[in-house]
Each structure stands twice: as structure tokens, then as C-alpha cells.
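Before anything else, here's the structure in question.
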């Protein structure tokens, strides 16, 4: 997991909660950065730190040896790649394009094929670790694609993350990411169901959490999210609307493959109900509101 | 969490995977132990170590200042307490009776009332920690009942466990235990769904587990059970039939209270399908077989 | 299937929405009727019409050649049979005892065994048709038990109902009844989900119902219950708490047999949520309130 | 509702189980028909009866005053409209284009907008009634779009169907169709769960069906499909893969709107499992195989 990276011309499309700190780390490591975002004002901080602002995804791609996209969902990515001013038409021969959005494995494979037609190389590389991991440069990347391409990308991955896993051919990164998020969504949903049960039975939710933390049920996500559920405070770290989208992508994949996922399907409906009733952007731990509406 | 226990006359009913090592620790700590089990041969090891074998639950209760039951389900406990030769009729005035089985909170409250009528004191005290925790004397007790009674029981709890939590009045221990098992059952079910998805997509399950162990989804239960799921080896540590029973008890409680538990309900049907198809006793991690049948 | 019935001494325990009109039809047919109900005032109308009021289930059973119970759930039936003043202890040798409550098949078999010990004959005979069917004497009976016993019971069945089906040994009537109610509960739940979908999409629910009534989805239950869902009026015909109980009994049976019922399990949680939030007694079509709370 | 239809130049794209008989009825009514199908041989019968075979969807659209599409799913429709040789580019000004496929309401609205740009008028008009209804000219159409356009289309609808319902603006037809199929899918799934329960309990499924047919649970779909489930014969009338697709479309719509559909979600996973294990094309009543695999 090397880190010494020769300065490169890097393009970064998508400057949300994750994209901005990723860009900042790339600048700090001495790379030349061209950025684009649908809402241009989100680029201010990066531009102030030395990034160039492109007028379109196309312009960002034209300027880059290494292109990264980090957008919220498959339609947003398709727009950025193939919409008016899209990046795909100006992707440089021999460049590496790495998508860190969470999308369907099928779309990852479609992008890989389009890149190959242009002589570019693709990696699907969704991440976990949250905005906090993005800031600290401690993201975990789940990679699908060619081993040699990954080898070449490692110095840049090392600027943004601390670990990466080569999981298989194109789409493998997305498949594992969807599987992971399914697990996280169900862990929080299970905690919410358990809290709803004990509190309706007249007990304190804090007691349940205290016992869980001494037990085999203890988990990273429990440590971080249990306070949200107990306090009913859901400032978005990973937004519920994105977790809900990822559950949809996981179920779409499973239904294409004919793999039944009964608990995931049940949980998606619970997340959906909370999303439907929400007036504001909420963390995914707000699935707890299903029992408090 | 004191441990120095004056030797007491203790009764122990139920000598399964958990009861036997609990009894052995009580003997080692110098207590006088009277035991009973439906299949008497299960008592051999304890008798060889100094325990007396009672002819009935009634006889075991009559001989005890402190009575413990550790049986597999509510009907087994009702039989032991109120069936022919049942313990309740000979429970000593002022004795403490502690049930460590997993049962419904309603049954725990019914037992507490029956004890009060006889002048005995009751604690519901289900445990977590598995047979390994029972052997090491490192169980975790979830306690419902009176604080003063718990105080008096602590020296004996300290022989079998390392932690205990006073969670509320009678039934509170069982309520929290059911909530905990709901979470454990869903954590394993979520892992099984995720593994089914990635393997059907052509990837290696081992890769998913490796990524999870570097992520927020890491948990105690993942560490211990993932190898079972990957190898397809399900020697019972906590039997699936008991986890399935506990999911039923959790859902019964929730349905009495009118608290919907959609993911738990979905998971119970998956456990049920595996139980229905199983030819042998399996660990609850065998829920994975739902996707391999 | 009607037959001329020689006047008999009949006992009837349980005078709710169903029991009262059943009793009235028995009186009209010329039978001698002894009744009992926990709340005695419910017997007034029948007593005015010629029924004798027993002081206990025991007294009702002692006076009867043919005993009928029609109570709300398994605990109520166990109380009536085996509680203080219970019917079982005075059941007449050679009498026929027919239970028309909806209970578990296991309890039906336990009752059959207890009857056999006393030389009495048992039929499990739950009904469908609602209070309207009870009034018109047009109930449908689902029978488990011995064919010869059923033959003997037919003249009395013919007074209360228009059809009966001999479905197998003891418990078979209850098994089929639970299967039928699972279907009715899911038909209404499916209609509620469909109405929630189209109305949230901005369309009129009435339009959906109009289309359904011209389609293969048309059903008896749709005809009768769709107006309730459209108007949001849920005066109990078959109470939601009883349908919720029956879903629980169906799932208990299925989980004992290891038969997964994913949609039934999902529906039960929806009914449970409505039950938990309800301030009053509602028809089971009020499951629609899950989407309007 | 039949009306005398002046002969028109009609295009028909999609000649599957439904499209072929629809085309035959249009020919019989004296209309001039141009057809196209991906597999051209499916047009043989219609060509023999007088239809012209177009070389592309584009050519079919260019020749038509009234264009009908009847394909299997949204991607197939997008290909036919916007793929190479697609119909949209040659849609005649002032023509009426009616899509009778089952697709998402969002795609219906997108098509309507594209038609408006070209000066053409669109109706979403999915059908129910099965291949049998298509042959007899007794389909039921669920219409979204403009009332005046529908008025003009009625003479042609009357050739293929016996009823049509104007349900609202573009997309309304598809919304109601998805709601209807959700109900049909759950009715069959409920029957399958009930049959699995009674047969595993040792009873005959035929008995359950006999009782149902005398009860409020009786429905059109029960009459037609119960024999399939009892015999285990699943020759496709409405293919399971299409019902599974429609459940996915219904859930997609509901999840966009934030409407939870727990039972529908559970049922989709069951259909998915059967689809995943199937070696051949099956009727949707084959969801029963979930319990027999």
C-alpha cells in the first residue's frame, strides 16, 4: 500500500460531503486538480486551495490523466458521463478513470466497456468510511477491475484512503459495496427494532445499548450510531436517502440474480416510510423514526 | 461486582450445554449443589465432582437456599415448576429462585407472582456468552427483579459470570435478552444475505468478510460466526432451534405491544425454513443454508 | 344440506357477535338451550327467547347432550374448559362437544384427547361467514374429527349453517380456518397497499376499485370491504384484533412445521402496528390505517 | 362499448402472446396493419392474414396513423422507441401512439413528452385479461392521458377490448396497472402460502380450495389459477418473469413516493427465488415452487 505519488493531473467530478475532502487531500499531496460540480459554489474551498474549476465534466476529463467521479446516484453519474457536456467524450486515451460513487455493477460494466472503446482504463472503486474517513484520508476502497490498473492507481488511492481491496473484475467493487451497505442498513434497523421493543415495554433504551456493548452484538456501527437513536438526533453523516438508494440497488441486483433477500427487502420498506415522511435530510440512523412517527 | 461467596446450598435444574459448566463452577467455588435433569445421565459429571442428584425438581428445590433453572424453553420450564414433581410446591420460604432460561417476560412475571405467594424471591436472569462463557465463568446476566435480591445474589452470579445488569422489574431481563437475540439473529441473517448475493454474483465470500472486518460493520458475532458461514460448518454453539424460538418470543412480545418488527419477522421465516429442512441439530449461523438448499 | 333435527338439549358457551345469533337459530329450530357467558348480560336476549342461563360452564355442560363453545381466543377457551367451574369436568358421556372458536390445531387435539378420556366426542368446527352469516343461518363450518360424529351433528349444523366440510382428523378444521384467514388478511392487506400506492401517486382510490371489479382480481372480500377502505370507516364486522390473533396462530403453526410464510409474516406486522395505535375496536379492514396514521 | 371504426392505418410493434391476437382482431375489423417484431418469424401468421411486415420500428411508425406497442419491459420499449431504427424519429404529426406494455409511470410520462415535441398524442394503455382476453377481443384497458385523445382512440380500443377506464393524466394507466398486478401477485402468493401450510400439516390442498370457493375469499384469480397450484403445472399464461418485473416496477414507484409496501416486498423476494431456480418459462402461479424446491 504505497503512498509516494508523482504529481499528476487529476480531475474530480462531484464535490459533496465526500468529494470535497478527497479533493483537499489530493491538493495537499501536490497533485494538480481540475474540479467540476453541478452547483459550482461547492468548489469554492478547493479553488481557494489551488484547484482549477472546469466549465463542464467534458472539460474536466479533457484536462486529466486520472479522473475521479463521486456523485450521489446512477442517474447523476450517467448525466455526468453521457449528458450534455459529458465527460466520456473527452476521456483521454490511456488515462485511468475511477468511479467512487455507489452505483449498480451493471452500470460499472457499461462504463468499463465505454472506456475500453476510447482506450481508457476503468476502475469501480466505491468507498466506505464516511465524511470523517474522507477528511482523515482513511477511506477504504472496494475495487473492481484490472490488477495492473489498480497497481498504477495505488499512489493516488493512498492519498485518500488507508486500505483498498481488489475484489474481482469490473462491477466487483460495487457488488461488495452493496453487500456491505445491506449489512450496515440491517444492523441499524435491527437496533431500531430492538429499541422500539424495549422502550414500548417500558424499559430504558440506554440499558439495552449498555448490555449490547458488553456482548457479541457489539459492532463499530453500534458504537457510532446508538447515541443518535437514543437521542433522536439525526444530523446526516451518511444520508438516509442514499442508504435507501443503496438498498434499492442491492435488491435490484439480487432480483436480477434470483437471490431472495427477505430481511433486506423488509428493511428497505422501513427506510422508505421514513424517507417518505421526512421533511429534511436525515442520517440513515433515522430509520428509528419509523417507530416514533 | 463482588465474588467472595459464603458456601450455600444451591439447586440447579437443567444440565444442558450451559447448565453443566455453570454447575461445575458452583462446585469449584465451594457451594453445595443439588442437581436435576430430565435425562439423568447428563448429571454424571457433576455428581462425580460432588453434586447430589435429586429425584425430582421438587426434591432439588426442597434442598436449596438458592435455586437456579436453565432449561430450553417456556414449556420445559412450566413442566419443571408446575408439572408432576414440580419445584414450585417445595420452594423454600426466603430462598432466592433465579431462572436463567430464555422465556417470555409474561411467564417471568407469572413465576415472580407464584414465588411471592410462597414467600420466595425471584430474579429473571437470562444469560449471554455461550457455552464457552459458561465454562470460563464469564457469562453476562440480564436481570429483572428487586435490587435487594440481586444484591444478595451477586456472590453467586460472580461465580458463573463476569458481568450483570439490573434492567428493571420482573420480566425486564427477559425483555432485554429477547431484544439482544433479535439483533444477533439479524446480524447473522444480514451476513448470510450479503454472502448469498456476492457469491451468486460470482465473487468469493471470503473477500466480503475481509472487507467487512476492516469496516464499521465489524462485530463480535461477525468475527466468531463468519468462518462457519464460509465453510458451511454449523456445529451447534447456540442451536438454531433455540434462536428460532427466541425470535418467536420476541415477535410474540412485540405483537402484544403492537410494535411492528418487519425485519425480525422476515428473518424468523428464513430461520423457520432452515429448521424445517434440517435433518440434524445446527448452529443458528446455519441460516445460511436457506440459500444453499 | 339441511336436515330435520330432533329437539336436543344443547349448551352454548360464548355469546358474542357470533354466539348470540347462533343461539337464536337453535332456539327457533326448537332445541332446548342452556347458555353461559362471562358477561352474563349478553345472555338477556336469548333468555327472553327461552334459553336457560347457567351459572358456570360446568353447569352448562352438565345439562347438555350437545355442547358448543364460541369464544375469542385460545386462553379464553382454556379458561372455559379447565378453569374454575370449567366445562370439561362435567362433560356428559356420549355427548358431542363442538368448538367453533378459532384456536390452534394443537389445542383442538388436546381437547379431543380430554374428551375421549371422559367418553365424549369432539369436533373442531370453526366457521366463516361473519355475524351476517350467523344471523341468516348461513355459516360455513370447517370440520376436523370423526366422520360418524359429524354425521350425527349434521342436523344441528344445518340450523346454524348452510355448508360444512369434513377436512380430516381433529385439528384439520382449525388448520384450514387459519389458512383461509391468512388469505383474507393478505387480500385486504394487498388492497390497502395498492390503494396507498395509487392515492399517494395522486389518483383516486375509487378508480382502482372500479377497475379491479372488472378484473380477475375481483373477490368476495373486495366487494364487501373496499367501501370501508375508501371511506375510512371501520365498524367491526370481523375485529382486527381477532384477525391479528389468527395471523399469529397461522404463523405459530407454520413455524412449528418449518414452513416459511414471508408475506403472511409481513402482513402480521402491519396489522400489529394498527392494533398498537388503535384507540378503539376496529374492523380488520382498518389495516389501511397503517398508511394514514 | 363497441363502436364502428373507420378503417385506419395502424402500426403494431411487439408480436408476443398478447400482440399477435390483438393484431389479428385489428385485421378482422378491417384495419390496415403494419407490424414489426424483433424475431420476425413471429409475424408470419399476421402477414398471412394481410399485415405488412416493416423492416424496423421506424418504418412501422412512418406508415401509421395509430401506433401500438406491446413489448415485455421498459428496456425493450426504450430500444424500440429510441434505439437504432427506433419508432420515435418517424412518429407522424397528429398520430396517436398508444403503449400497452407494462412500464413505469415515469417512462410513460417521458414518452408523452417526447410525443408532444413531435406533435403526436400519447396514451398509456396497459391491459389486463391475459392471452385469452386478447384472443376474444375482451381486454380491459387502463388509460392515462388526455380525454379527447382517448375519445378518438375508442373505436380501435373497442376492436381489442371490451372495457376501458380513463384513470388520469399520463402515467395513471401504468400506476393502476402496477397496483392491480401487485394485488394479483399477492393473491396467488397468499394461496401458495396457505396451500404450503395445509399440505405440510398433512391435509389435502384440494380441500382448502373447495372451502375457499364457498367463501368470501373466492376470486377470479383463485378460480383460474388454483388448479395450476394443485397439479404443479405451470404452462405460462402470464409469465412469472413478467409478474416479477411488475412487482419490481410497483416497488420502485412506491419507494420513490416513500410508501412502504411490506407484503409486496416480501412477495417479490419469493417470486425472485423461484425465478432464480427456474430452468424454463413458467406461469406466475409457479410461485408455489418456493415451497417445493
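Every chain is named by a letter (A, B, C and D) in the order it is written, and numbering of its residues begins at 1.
Basically, a residue touches a chain if its C-beta (ideal position, glycine included) is under 8 Å from a C-beta of that chain, and two chains touch if they have at least 3 such contacts.
All figures in this text were calculated on a predicted structure; none of them were measured in a lab.
Student: What rotation angle, rounded to the nearest 5 degrees, superposes the C-alpha atoms of subunit C onto those of its identical copy subunit D?
Tutor: Angle of the fitting rotation, subunit C to subunit D: 180 degrees.
Student: Please identify which chain has its centre, taken as the mean of its CA atoms, farthest from the centre of subunit A.
Tutor: Looking at centroid distances, C is the chain farthest away.
Student: Suppose each chain is reduced to the average of its Cα coordinates; what separation in Å results between subunit A and subunit B?
Tutor: Once rounded, the distance between the two centres reads 39 Å.
Student: Just the number, please: Cα centre separation of subunit B and subunit C in whole Å.
Tutor: Using C-alpha averages as centres, the distance is 37 Å.
Student: Quick check: what residues of subunit C touch more than one other chain, meaning two or more?
Tutor: Expected reply: 200, 254, 257-262, 265-266, 269-270, 276.
Student: Considering only the defined contacts, which subunit D positions touch subunit A in the complex?
Tutor: 244, 248, 252, 254-255, 257-262, 265-266, 268-270, 272-273, 275-278
Student: Can you check the complex and tell me which residues of subunit A touch subunit B?
Tutor: 105, 128-130, 140, 142, 163, 165, 167-168, 171-172, 175-176, 178-180, 182-184, 186-187, 189-191, 193-198, 200-204, 207-208, 210-212, 214-222, 224, 250, 253-254, 257-267, 269-270, 291
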